[in-house]
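Have a look at this one.
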Amino acid sequence: MKKTIVALLLVLILALPAFGACADESLPFATDVDLSEPVVINFQVFGDPPAGEALVLEKINEILAAKINTTLNWQRVSWTDWSTVYNLMLATGEDMDLITTSAAWLGLWENAGKGAFMDITELLPKYAPNIYANTTANEWNMCKYGGGIICVPGNHYAQYSNHGMMYRGDWLKEFGMDEIKTIEGLQAYWAKVAEVYGPEGVVPWNTKGGVGDLQLFNMYEAAYAPHLDINGLSIGQFPSIQGVSLEDPYTLCQPLTEDWFVDFAVLMKEWADMGFWPTDVMNSANDARALLKAGLSSADQHHVATYTGLVTEIEREENQPGADLKIFLWSDLSGYIVRESFLQDVVAVSAKSKNPERALMVLDLLKEDEEIHTLLNYGLEGVQYVLNAEGKREEPADFDTATDTYWSDAWGVREDKYLRKLPHVDDWAGKAAMFADRLDPISVSNPYANFVFDSSAVTAELTAVTEAVNRYSPAIQFGKVADPQAAVDQLREALDKAGIQTLFDELQRQMTAYKESLGL
Amino acid sequence: MPGRNMGIAPCGKHRSLRRSLHKNHSLLLMCFPVILALLIFCYLPMPGLYVAFIDYNYARGLFGSAFVGFQNFRPLILSGTLWTLTRNTILYNIAFILTGNVVQLIFAILLNEIANKFFRRTTQSIMILPHFISIVVVGLFLYSIINYDRGILNNLLVALGQERISVYSTPSVWPGLLVLLNLWKSVGYGTIVYFAAITGMDSEMMEAAHIDGATTWQRIRYIQLPSLRPTFVIVLLLALGGVMRGNFGLFYNTVGAQNSMLYDVTDIIETYVFRALMNNFNFSIGSAVSLYQSVVGLVIILSANTLARRIDPDCALF
Amino acid sequence: MLKATPDIRRRRRIRTDASGVVIKAVGYGVVTLFTLLCIIPFYMMVVASFSTERQLLVNGYRLYIQEPTLFAYKLVFENPDKVIGSYVLTILLTFIGTAAGLLGTAMAGYALQRPDFDYRNKISMFIYFTTLFSGGIVAYYLLMTQFLHLKNNYLALLLPGLFSPFNVFIMRNFMRSIPHSVTESALIDGAGDFKILLRIIIPMSTPALATLGLFIALGYWNEWYNALLFLPNTKYRPLQFFLYNIITKQDYIKNSAAASHIRTADVPLETMKMACAMITTGPVLLFYPFVQRYFIKGITIGAVKG
């Protein structure tokens, strides 16, 4: 009962801004802004441009030029070696006005600490009046570093990026099993897959032991010791320092020293020996998603956002029609999801931007002007999409992927209030229900919201601990060890040597200070 | 004009400098483009090494950031693996340099003995192909050949009634395998230098040797090998400067970034840095490691160059 | 120039002795074997590029094509002007870079081997030092973007790669094999240093020039990192950049938190990677024999000189 009420409240909260925006006209910019000089705003985004981008950008720029005498230019960072290029651009601050960043994976707080972003507290109300008005004071508080607002949050786009294991519902049914809700359930499913489809070349989880694929640890932890990840803090691929629990987030712990970690290592070795993944998994380049689509993997690990797309994609004729893709979420085990979407995709203004005022004006229009927003996210009507009888988007008959393909890489510029007006025919119908029934009720706000770890006193320890974790964790996760207990001991010894205690003490000290600053 | 060298007057440093500049001006001019380019692209950024000693703050810039001394070098020492990493890196590189150059030298000599022009040209073209195959792709191919479950090699063994072998969990195989892979990738390219050195040789001497009744083997042993020595030593010395720089691409893509079963014998400085900075991007620590490599490299090359100079001044680099 | 091919004539005259036969036999054997080792992976690449994605996923890399398809090539050539533009850019870059680089390298190499050049050791040291120490990527990036202003400028691809210490030293070494007496007698005849280099030394060093030219050309052909750093917004990028981007893209985004943002259609296929590799490597196969002629020519000149 309580859960339902919370869910209803959340739905209402999510829906409210949408009503609000429909009701009134957008706020005008201050009248005393000097717009006489034409200005180009460089917006840094990731990935290579889609083929149809030029035409869309031209149209956007037409409108921007007419409204504020400004044009937009995408400053792109290719995926090859992106982390070097992105960090170099941040370090030198060149040629960027607006920057794509994220507390989850692009080091929002670390880079704020290094002085990469501009304090826009003063500029916001004047140059981005609509964004300013549509974001609550509490939300702005979460965007503050050192007292000033340093980014524009992605607060009006509902998304979940909590991880889980996707698997085939049709095979599950064939095996006469119930939906997977436990680790034992997953084990039973994989064992059956190996038995029934193994001879045909199917590997239960046909993956590679690549960077970032160590999610089974998180699964096990969610079931046996649901500690809390400290957002933005990444010390190796297994979280070596975490908050104890949702009830007591400000007391820290070292999960890798706990007893259950040995049990985990033992279970993973069993799974490896049962052939749940390729024998040489740590060297394989297998792409579990492609193999799932090709019918050669019974599972693929990723998060909700990926699942909501893949669930319809897999039904296409060239993939596995009838696969009935399902997902076993770690949150099914832990019983909570820490809401991250707020700072998942954010936009910051470069500290060295020469035109921060215009940059914010552009951002305000991109986010809040319905015409521009729709153009940016969906492209041109008639070229990228046409509306069918039900008002849903679909590709025009003469759509040519070689010239017309379009998507937006400005992830921080997505507003549900506009996006939801024009759904695509291929959008998964079950998404709303999944969010409302399975995710929203158990999502909680992040207790660490804008906790920023200042690591300058322990950089050496942080680096050495990261290395130690990254050195031993893949082998443990994939059961590629002769003796799990010995491997765990080795890891713990390496962590000690690397100075994890020093790091832990410093982190705990700062966390306690943070807790006090919250008045708790 | 041999007399020129003796022309430097012992009096007045200033005057002798001017005279020497005047005498050498056209040769200096010839070096000018190279000097200018290296000055701009290599020397101008060198103050950037300072980043290894600071806590780099983007807003304050390189020289406004806090100086932290040798803090950034600490992670290397903390892990206690510095010695293993240094040893692995140096040993692998020495193995790569020696095997590479010896094999390249042999190939160049053999190719020179092959009279069939078509054969020689075709094989030489094909031999440099591996140089072009991206190491990422090499890693993919290697996996499809040696992986345990479905690799070509194991399929073959099974077909022959043999046991499967698990290369990826057998550390002892890897040093040899890596040396072979490196050979495969570099032999064709490196052979070009030695082949050109042979073709550029004084054919007068060859003819004379032939007339004197020297056998092919004698010709190779007593004429070609000695005249290839300076090239060999110079290539060796040039390579030695990089003896502390591991071939990250090769190790990362063939051994794998995650395969800790093989770390004892395959972990090099670069793979360590990759793991250490994977989750926390840090220019300063990367720079500190690089500086450490440079300094050790400098010590090694200075010793080697002194040694080379003692043996034959012509062979020394500087 | 000589009309006959003295190369072959000269060789025919050499009497084959026992050791010669053995060495020849070993030569043919070893070289053939190694060539096979080099061509098989390349052949696997060709096969993969013409295979269907499914075949590749099911069977891995194999030695024969099961269901031949041009799909991967069609994908790569979806934007033909981009591929062709890359080609033109890379070819231009390679030609200009090689010509300029070779000239500078030859000049420096010649000067540095002259025993009567007072500064040869100091300059050699100056050149060699750069192979040991580098200022690191931050400083290099600052230099290129803020001082030289080479962002989105094709010169950012050309200038940094012109001269390498390795090439200068190899050139110096090659030119040493030309007796100093050649230079000395020309000096006595009153020729200037530049004239000696251009008229006498360069014509005598064709194998060296061909070799180093090839190295410089290969360097430019393989160039991608400067393009990655400095050419984010230009219309055309070099071929290898194209290839690298396609090969690595998948690995990076598959495991990064960014994955949810990437359209699946945007993730390149395995077969496409192979097709791209073919497109970038193929021309080298055609180009290389052309360079090789100069080695033979070098021998010819050697013979004339003898």
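Order as written gives the chain letters A, B and C; numbering starts at 1 within each chain.
The rule we apply is simple: a contact is a pair of C-beta atoms (placed from the backbone, for glycine too) under 8 Å apart; a residue touches a chain by one contact, two chains touch by 3 or more.
This one's a predicted model, so the numbers in the text were calculated from it and none came from an experiment.
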Of A-C and A-B, whichever chain pair has more C-beta contact pairs: A-B
Longest centre-to-centre distance from chain B, chain (CA-based): A
Inter-centroid spacing, chain C versus chain B (mean Cα positions, whole Å): 16
Gap in Å, rounded to a whole number, between the CA centres of chain B and chain A: 41
Residues of chain C touching at least two other chains: 137-138, 142, 244, 248, 251
Chain A: positions in contact with at least two other chains: 91-92, 210-211, 285
Touching two or more other chains - residues of chain B: 56, 140, 283
In the complex, chain B residues that touch chain C: 1-2, 4-5, 20, 23-24, 26-31, 33-35, 37-38, 40-49, 51-52, 56, 62, 107, 110-111, 113-115, 117, 119, 121-134, 136-138, 140-141, 144, 150-152, 184, 187-189, 192-193, 195-197, 199-204, 207, 210, 215-218, 220, 227, 230-231, 234-235, 238, 241-242, 283, 286-287, 290, 294, 297-298, 301, 314, 317-318
Complex interface listing, chain C residues touching chain A: 53-54, 57-58, 78-79, 137-138, 141-142, 145-146, 151, 228-229, 232-233, 241, 244-245, 248-266
Residues of chain B touching chain A in the complex: 55-60, 66, 71-72, 74-75, 78-80, 139-140, 143, 147-149, 166, 168-169, 255-261, 263, 272, 275-285
Contact set on chain C toward chain B in their complex: 7-8, 10-20, 23-24, 26-28, 30-32, 34-35, 37-39, 41-42, 44-45, 60-62, 103-105, 107-108, 110-112, 114-119, 121, 123-128, 130-140, 142-143, 147-148, 159-160, 162-163, 165-166, 168-170, 173-174, 176-177, 184, 187-188, 192-194, 197, 205, 207-208, 210-211, 214-215, 218, 222, 243-244, 247-248, 251, 273-274, 277, 280-281, 284-285, 288-289, 292, 295-296, 298-299, 302-303, 305-306
Touching residues on chain A, where the partner in the complex is chain B: 83, 87, 90-93, 107, 110-111, 114-116, 203, 209-211, 234-237, 278-280, 282-285, 351, 455-456, 459-464, 466-468, 470-472, 474-475, 480, 494, 497-499
